[in-house]
Amino acid sequence: MVGAGALLTPGFFENGPVRAALGVSFCAAMLSAMVGVFTIIRGQSFAGHALADVSSAGGAGAFLFGVNPLFGFLGLAVLGAGVLEMVGVQRARERDLATGVFLGAGLGVTALLLYFDVTMRSTSGAAISVMFGSMFAIPPGMVKLSLGLGAGAMVVMAMIHRPLLLCAAAPELAGVQGVNVRLIGFLHLLMLALAVTLSAMTIGAILSTALLIGPAAAALRLARRPGRAIGLAVVIGVAACWGGVWLAYDSYNWSGGHGWPVSFFIVTIIFTIYLASGLRRDRTMRV
Amino acid sequence: MFSGFMLNSWAAATMLAIVAGMVGFFVVIRGASFAAHALPLGTFPGAAAAGLAGVNPFWGLVGFALLGVAGISRLGRRQRADVATALTLITLLGVGTLCLSLSGQYAASAYALLFGQLLGVSRAALLPVGGICAGICALVLIFFRPLLLSAISPELAVARGVHAGRVELLFLALLGLATAMALPVVGALLVFSLLVGPPACARALTTRPGVAMALSVVIALVVIWAAIALSYESDWPIGFFVGALAAGAYGLGRAAAMMR
Amino acid sequence: MMHEARALLSVEDVSLAYDGREVLRNVSFSLGQGAFCGLIGSNGSGKTSLMRSILGLETSQTGIVLVAGERGLHGDVGYVPQKLQLDVDLPLRARDMVALGLDGHKFGLSWPRAKRRRLVDEMLAAVNALDFADQRVGALSGGQQQRVLIAHALIRRPKLLLLDEPLANLDLRAVAEIVTLLRGLSHEHGVTVLVSAHDMNPLLGSMDRIVYLAHGKAVSGTPSEVVRTEVLSALYGYHIDVIRVHGRVLVVAAGAADELPLVRGPHPDNSVDEHPEHVAAIP
């Protein structure tokens, strides 16, 4: 670590907020990437984005009532997963429409709660930290909590990965083989809710889609096997997050004391990797 | 409620309801909900970017909307549509956070752009808004049938000599322009509600496409007028009322469909 | 010899209706072990509904379906659905798809085991799919995907294999290959195979039983018992003709056969001569 520390900005690993950011973003990136692969092949990118946006109402509510924002985000995301599961058994178009209307209603509530945050508690930064995250302002207690939640979610993902894969590839076959397709679908939505909650804490509700879809989309272009696709997505996601944290921390040095936002760096890294994955794609598809 | 500065809002809101009703009708029948959500959301940092560049924020919004259109259609060639949309969205937002952060008015402007502002329209902005509104209406009426046909069946449309890719691009461009118009008033996150709620309701009330589009314009007008009035009276954010009323309209439509 | 005594699949008096529209009406038939049976009927005649009823995927059906004398499936049935859309970007090799047939319903992690791998290879070899085992399933041709799906269905050694329109959308050579493969499964390995098709001709030389569906009703038996003018006329409820041309069977509505010059020979233009009174009656 001494060698790496010398390369990096002095004080990087000694900094408490940085360590919290690295820890929480690790969980968020890892879980999002795993869940993201299934989310893409099930065609539920919109649902994933909607859950994240709806969870922002919980984040805003948590600021208003002074509870741990993690629980606010998580509560609404899980509620959202329940609603989506109820509308989920319809045609794709109708499902997207219902998802969207629910999303709109949820965001309306977010608007109202944020307005109350500003007028009643005069926390004007609430809108920013809810929508764009607050990577360097994560309370230390949150790290353990999110590590625990992340670990739990990964155990569940490991448990259900085969039925989930079968459901994603061919739901009809899964039904015949004795898989409870609705149960698996709901568990997937729950894991999606957890993943976007952890992301919302770090890079914000509206950008959590970046961690969910970006690494998985790049990995799906490169890998032919399910295990490798997931592994690759995790590597890309974690690398992008940590790279983003480091660049943002470093940016205080060269941007004149006004650091650039972490989210910008993370998204830039992810998108660059995605574009690069396209260069290799044609060859892989033929092999 | 109808004093001088509010008149701007009423005028802009009326125009955008007409546009949202028309474009939203195609959003619903094409099943383009995600694109209709992603374009506005990806567009909102355009105002901050324009601020940095020193031009009128409205043109910043139009520029970002067109970038979004280009991204969705370009990435969509080699990727599932929903993934292409998500990737475009996050990229625009990523750039957007940087612009917002650099422009310095991070908190205040972000909230207004995301959730809408009653007084979001200046008198100077009314003219371009009106022009774009007229342009969108004209384009929708001219291309009504190709848009409809390609929404129902792309194969049929191709057989009739309609270029599916161009129609898709036209649709996205209309969506992008409508977005840039609506954004300062109802906010990036809730343009979508206005686009989707009214036509989803209208579609359940009639079987004729032309009537459904007209009806969706009427419902959009009711939603936005009611939202402005309620927001003015209660001082609560307009976005909340737009989201709630649009969801209500959708619910009414579902109920009407079930009654039949 | 227990299998000889009772049917492997027995469908008794199955009826099914969606929203009051009758899809299946009192369908009954039974198949012994190792039978190769065609489920024939035009589009919309109820073939897929009958398959789904046998699989227990329909909830509103009446009647009894027994597989190996028991209700419920217990892993005894393999199924290949119609028109399965496998996306090109699915990160799944043909080999992974087949392996999912073995343990896709199980929770928990799977470790690569030699036994599992050997079983998958065996199945891929059985359907002649080893050549493309490491390609993405979504990128395979229709006939190749069909074979992978058959291997997926076979890997748990089912006693009954149901295939819904496996020959649709395949080119002629692939059709012949799949039929040969299925016949081998039933005749050499004793798997009871039920194949649905809208055209019976590719199956004619191979099937030893046929279930013919029309308007939700069924007749069953050997092909020579069932594919006859009087039997199918009774099933359809109006007169139909069964025509054999160059070893192919055509089932056509009565009258339509008159349009086929090959069958009836040249059609003489004799209307005036046959009915002179019509001419005379006109003043």
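Labels for the chains are A, B and C, by order of writing; each one numbers its residues from 1.
In this text, a residue touches a chain if its C-beta (ideal position, glycine included) is under 8 Å from a C-beta of that chain, and two chains touch if they have at least 3 such contacts.
Since we're looking at a predicted model, the values are computed, not measured.
Student: Considering only C-beta pairs in contact, identify the chain pair with the most of them.
Tutor: The chain pair sharing the largest number of C-beta contacts is A-B.
Student: Using each chain's Cα centroid, which is most distant from the centroid of chain A?
Tutor: With centres defined by C-alpha atoms, farthest from chain A sits C.
Student: How many angstrom lie between the CA centroids of chain A and chain C, rounded to a whole number?
Tutor: Averaging C-alpha atoms per chain gives centres 45 Å apart.
Student: Quick one: report the Å distance separating chain A from chain B, using the average Cα coordinate of each chain.
Tutor: It comes to 26 Å between the two C-alpha centres.
Student: How many angstrom lie between the centres of chain B and chain C, each centre taken as the mean Cα position?
Tutor: Spacing between the chain centres: roughly 49 Å.
Student: Name the residues of chain A that each touch 2 or more other chains.
Tutor: In chain A, 40 touch at least two other chains.
Student: Residue numbers in chain C touching 2 or more other chains?
Tutor: 87, 89
Student: Which residue numbers or ranges of chain B touch two or more of the other chains?
Tutor: 79-80
Student: Which of the residues in chain A end up touching chain B in this complex?
Tutor: Residue list for chain A touching chain B: 40, 43, 45-46, 48-49, 53, 92-93, 96-112, 114-115, 118, 124-125, 127-128, 131-132, 206-207, 209-210, 212-214, 217, 258, 260-261, 263-264, 266-268, 270-271, 274, 278, 281.
Student: Over in the complex, which chain C residues touch chain A? Could you list them?
Tutor: Per the stated touch rule, the residues are 55, 57, 73, 75, 77, 79, 81, 84, 86-93, 96-97, 100-101, 103-110, 134-137, 139, 149, 152.
Student: Could you list, by residue number, the parts of chain A that touch chain C in their complex?
Tutor: Result: residues 37, 40-41, 158-163, 165-166, 168-170, 172-179, 219-221, 223-226, 228-229, 285, 287 of chain A touch chain C.
Student: Note which residues of chain B are touching chain A in the complex, please.
Tutor: Listed in rising order, the residues of chain B that touch chain A are 28, 31, 33-34, 36-38, 41, 78-80, 82-83, 85-87, 89-91, 93-95, 97-98, 101-102, 106-108, 110-111, 114-116, 187, 189-190, 192-193, 196-197, 200, 236-237, 239-244, 246-247, 250.
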